[in-house]
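Both of the next two complexes hold subunit A, though its partner changes from subunit B to subunit C.
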Partner chain A sequence: MMRSSHVTIALLFPLMLTGIASAAERFPPPEFETGYELPPVTNITQAVPRGDIYEYLDVAVLAAALALSSYLVLKKRSRRWIYTLMIFSLLYFGFWRKGCVCPIGAIQNVVLSIFDETYAMPITVTLFFVLPLVFTLFFGRTFCAAVCPLGAMQDLVALRPISIPAWLEAGLRLFAYVYLAAAVLFAATGSAFIICRYDPFVSFFRLSGWFNILVLGACILLIGVFVGRPYCRFLCPYGVILRQLSRLSKRRVTITPDECIKCRLCEDSCPFGAIREPTAEWPAGHYVKSKKRLGLLIAILPVLIFVFGWLGSELKGIASRAHSTVRLADRVHLEDAGRVEGTTNASDAFRATGKDVEQLNAEASGIIAQFGTGGWVFGGFVGLVIGLTLISLTVQRKRTDYEADRGSCLACGRCFEYCPRENVRLKRLKETVGGD
Partner chain B sequence: MTRRRFLRDSLWGTCLAGLGAAGGYFWGRSHKQDTVWQIDPYTCVACGNCATYCVLEESAVKCVHNHAVCGYCRICFGFFGPEPHDITEAAENQLCPTGAINRKLIEDPYYEYTLDEKLCNGCGKCVKGCNAFGNGSLFLQVRHDRCKNCNDCSIAAACPSGAFRRVPADKPYILKRADHT
Partner chain C sequence: MKSNSDNNTESKSTSLRYPTAVRIAVVGGVFSVIVAALLAVNYVQRTVFDERRIAELDRLKIEILSRPNDEQLMGRIRQLDLEVRRDRIRRVDFSRKGGWLLAAGLVVMVVGIKWADTLRRKLPHPELRGDVRAEQVTEATWARRAVTAGLLLLGASALLLTLIPQVDFVKSSFEVGPDEVWPGFRGPGGVGVGVTTNVPVKWNGGTGEGILWKKKVPLRGHNSPIAWGDRVFVSGADANERQVYCFDADSGDLLWRGGVETEAGKTSEPLDVMEDTGFAAPTCVTDGKRVCAIFANGDVGCFDYKGKQLWTRGLGVPESAYGYASSLAMYRNLVLIQYDQATEEDEKSKMIALNVLSGQTVWETKRPVGGAWTSPIVDKVGGSEQLITCGDPWVIAYNPANGEELWRAECMGDDLAPSPIYAGGLVLAIESNVKMVAIRPDGRGDVTKTHILWMVEDGIPDIPSPVSNGELVFLLTSDGTLTCYRLTDHAKLWEQDLGTGFNASPTIVGNRLYLLSEKGVMIIAEFAEGYKEAARYELGEECHASPAFVSGRIYIRGLENLYCIGSTASQEP
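Our next item is the complex of A and B:
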């Protein structure tokens, strides 16, 4: 008996390598005579997910933190309190909630729910996406200041910030627009959530993760010592949206509590290069030259959109490889054509389902076609942004005071204490400084 | 009121209305309930990615055993490795690399197999064996006390068969049933 069973296993085992057959009831469950009771299925199901109530609690904490942040930035004007709230957010949304779900990543859920009818987005994710946008529309980027855990990570290490010229800043910022457009493209086609996959700090929050991502996070923090908040300024896709809304915001950060006395003390206080100086009078002839350049840039804007749109659509072959169905169809095709040896788990799994190869190919071509259309939109958007960036570098607004740039200001509140008028407000200085 | 002010205000109003409309639209479309990741055991091919791709050092995926489906076999292909020396519980006979499956005689010739979840690493070797020759009562499931419910699950991205999917949080497990066809 012993020997026979031994042999049976030895004979059967090679069959296992052929993959999983749909397991039938090969051995009917026995009828026990000794009164044995089956272990209950609750052994499996007792480990339940976090209750919905806690998800709503997260939304409540988000709303409260946004409201508090707005109050601290606009009314209380206290860097110390903003910093405290920022640490709280880092601990709560970062290390306690492990960084998921965050408003930055929620962009992709929103996009996917637009394009995929079957995708069910939890309401909490909707709120995580919308709440910071609404607050920004009213109060500026107070989300970035003290609520976002990714911003907080970088804010902590911004120790020796250098200033970056405006043209370089605007150039580097293009990465964020490209990143946003790419994230939308990949989310819309259901390929991947790249913002989450390449989230540089989530592995710090979880204290485990991919080595590559840990290295990426460490690099960004290292750069962040010298370049204030590099992710927020040059990569964050949500920051791009917040930036545009912040430019329209009803209330905004003002460096001085009442009036600017142009003392220049705040000039170098911003580690994020968001303080704009009063503009000097333009030299003669400059105006005409600028006008010409602006005209030219507006004229080439459609060309830029078209060229980049075309480039984007040409990338469909490479970009669509991000989708598992396209990869699978390609692999199956190569295997059938005998151009690769062996099989992969995915191709084995596909063949085990007995689905039609033609249908798989049709699905894959459909997805590649989506990437073609999406590539036009992606590229067109990138071209438009490049054109508008060039235009914005040409246009100069008249400014009489030192101001925080409406779009770039992250509302961290560092500049407040540099202002003598603020010190007057806090009664640290006598009323004689500037003003009346 | 300057022209610029008027333009900005109307743009502001448009944005707010747009956000409101978008919020309302998504409110209507979205579900009150949260969703969580789970493995469809009928699609799973037990490739072993669950053990290595999870962002947690010890994967959130573990093997579970639905005893109602189990045949209580004396020779269990989820328990015994290929060509075992002996049909005993000795370590060298076992398939599980961490020895997470316990075997206990109930009554001749039926044996009960239970999982020590602390030891299981979610590699799915036993699942493959049980599916190939047994009833398929061993299968992989995401353990929700461990899962961080990442927005973009690393295992889902690496799953070759599309078995990873989001399910409503109030029905967080997909258990194999004896009467499944």
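Our next item is the complex of A and C:
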């Protein structure tokens, strides 16, 4: 397995990093005063649209990859083959398809199609969004295991993963919920697709992109050397949905193929902190305190939802600046008030239309009001998540075996080979049992 | 099972290979760091040093606009442009090649690390643990604390973000009240209607009664005073100098003066202008942050309120028979210049819109008219604003944002001086001494045959512009005849001989007319039930410019001095 990883890394890194070089700014055309006219650029810059058939091919490949991943995780239980499929997905969905369409970004398409009746979402995008959810519902996070190119990229650089304390993991995980809520809010208001805009890896896939995003991607990869899949665990908004569906999945990853002998060999095998140990009975005093705490948390849950909802609505002013109309109105206002120097292309274009500033301001005010309403939902959701997380940390779980956490397990299969029972299943231990 | 000799051989082989793997990783890492550092230096050079040169290039490009014939400057721009492009290409090339080298270095490093990791891989050996129950309870407690900390962090961040001041789009961008601004010739909209209250009721230039201050203006000019908040502006010029003056509205102190000079405005021979027009007839314009002025030689200058010159533009000396006199107008961030000159056949007249922030031309459109001395106005017509101009022979309305022509009516003759007004839903344009025409401004294209509602020929002025309260329109001739028409049916209601001559245009404030004679006498008259003179106050100095009515004060420009009529305290009307 390690040999194959060497080869794949050797293949992928040049591709990733040449993105940095190719991301240099385009050269502006020179200005001629001699009457020379630049040749028409239509034929040079116009990209040929991709054929529809390829979109359906992508969906077919996605479905096949999901099915294969589920088989490899649950039946074959082979890290080597999961890894190989992961490399294929990285090459196909990442570098070949350039990271788009991806199910993570498709969240925004779905949301926009719900809130904007004029927005028509292609069936292929819908399938990209739905297929991983369906597979997760039945087989756990097999999409994360070997199909997601973003996860694959991080998996490759996990060279020295350290164990993150459970408390830190619980705190950092909140960011993914906030990110999901923000992405939904901005998509619902037609402001921005922030998941795509701030996708840290798409610049590598496309060998081009904003410098800031390249730096962001490089930083996440650098962190990923020591912290396994940081984007998947603490930021991925799609992962938030998959986590909940995976809890409901009928079949799921098990560390051992049959029974857990509590040998503890798998204890530190997961670089993503997804292995849960058997629980001990809580002390009686602590149990009573936990019950009281649980009652208190349930009581303050509505308060949390309300307070965060209010805070979310109060952010309407600053959040609405993500919308181009609000930004334009703000810019025009500042220009008219003489508070800024110069004009922007947007303000020049607006003024060239001859439209009334008051009309623009009315549109902007309407969008801000939408953010006010959406902010209540956004904030309320964040408050609900925090409240429920606190509640879940108060409730005692009962486990008798070492288990992969239903929500957190990324189904990478690393833990399989640490289990003696798995080695017995694979007939690797037959020679050693009783041998020495 | 492996024999001991096999194990020893494998161990020996591993001990040889491990240092090799580590060395490979170190070499790859060091190489990568060096390449990354060089790439970083290259990036800083591109984004910092090259950007400075690009900024310099942009500055020079703006500068060349005011000195189009400066070959030395042009040569410098070309050289700098070449250097910037050459260096940019070199750095991009370096970045591309460096990226490949960095990639290669990192691949070597990662392969080395993975190899070394594989060679030293050990089976897990879990240590004995203490009180697992206590560990789990502590872990849950810390997790709750971490989530609570996240709760507080998110809440505090949101609270901080809400404190950032936001733009209220409903509020106007004006930071002063509407009665505190007189932003251009004849005030808001250029229609000569003031909204201030507490207009001074009595003054005497001879005794100084009612005069808050009187200050000499360094250079002459027939342009009218404009005001915004606590600043009053006029311009002045002679054959050699062109200046903009800023006075303190309360004390009359000359806060600053700014000179305007461009290469394009220089003439080999002295500019030939009529004395009645002078070198600074056009009135300035301000948006509350900047003030712009244009002079007889086509020089335009813009200053901020501290007197810093923002830009100058030389439009070229206009061919004007009596001297250029059209005042500036303003629309949003555009300074609008009606640059009419020569004859219609010469095709030299044009409408120009300059960016008030940079002086660059935003749009420019040719006008099929000859020279005129009227000023453009910008008024809201229906749901949008129109830039209305009066030339020979066309009255033309434009979209002030982009210069698109909206409508035109052929109804004017030559030697035009009175400026048009928009009142009661009609554009009123005057052909000096001949006629006043009322045009409905909701048409498109040539509306000569469709939108001219009526025309009158009695009491038509030659210089002063008309004024209207929306129901009545008043015409004041230079020889002192005041004529009143009703807008709805263009019936002539009355006519009054005032017995003195006028150059300044009349103004309406409240229900009174303010008529400033050439001799400096302000005639105040009520008009609700015919002409009824309320008062006459003498300034004691000849006046050609129209007064400004701002914040309960009147600013009057005499031939030599600028007057502020009023007091520091508000007065009852």
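A few notes on this one:
Following the convention adopted for this analysis, the second predicted complex is superposed on the first by the 375 of 436 C-alpha atoms of A that agree within 3 Å, B and C clash if a C-alpha of one lies under 4 Å from a C-alpha of the other, contacts with A are read in each partner's own complex, and residues count from 1 in each chain.
Following the convention adopted for this analysis, contacts are C-beta pairs under 8 Å (C-beta built on N, C-alpha and C of every residue); 3 or more make two chains touch, one makes a residue touch a chain.
Note that this is a predicted model, so its numbers are computed, not measured.
When both complexes are overlaid on chain A, the residue A:352 reaches subunit B and subunit C alike.
Shared-chain residue A:78: touches no atom of subunit B or subunit C.
Touch criterion met: A:365 reaches subunit C, while subunit B stays clear of it.
Applying the stated contact rule after C-alpha superposition, one finds that A:163 touches neither subunit B nor subunit C. Within the superposed three-chain model, A:423 lies out of touch with both subunit B and subunit C [touch as defined at top]. Judged by the document's definition of touching, subunit A residues 2, 5-6, 9-10, 13, 15-16, 19-22, 24-25, 27, 30, 348, 352-353 lie at the interface with subunit B and also at the interface with subunit C.
Interface residues of subunit A, counted against subunit C in their complex, comprise 2, 5-6, 9-10, 13-22, 24-25, 27, 30, 157, 159-160, 165-171, 174, 178, 211, 263-269, 277, 279-283, 286, 304, 307-308, 311-312, 314-315, 317-318, 329-330, 332-338, 341-343, 348, 351-354, 356-357, 361-362, 364-365, 368, 379, 382, 386, 389-390, 393-394, 418, 431-432, 435. In the complex of the two chains, the subunit A residues touching subunit B come out as 2, 5-6, 8-10, 12-13, 15-16, 19-30, 32-34, 36, 38-39, 41, 43-45, 47-50, 52, 55, 98, 100-102, 105-106, 108-110, 113, 120-126, 129-130, 133-134, 137, 192-193, 196-197, 202-203, 206, 208-210, 245, 248-250, 324, 344-346, 348-350, 352-353. Of all the residues in subunit B, the ones that touch subunit A in their complex are 8, 11-12, 15-16, 19, 22-23, 26-27, 29-36, 42-43, 45-47, 49, 55-57, 64-75, 77, 80, 82-84, 86-87, 106-107, 110, 112, 114, 128-136, 141, 143-152, 154, 157, 160-162, 166, 169, 172-173, 175, 178.
Put simply, subunit C touches subunit A in their complex at residues 1, 39, 43, 46, 81, 85, 88-89, 91-92, 95-100, 102-104, 106-107, 110-111, 113-115, 117-118, 123-124, 126, 132-133, 136-137, 139-140, 142-151, 154-155, 158-159, 161-162, 164, 166-167, 169-170, 173, 175, 287-290, 332-334, 355, 357-358, 362, 383-385, 399, 401-402, 404.
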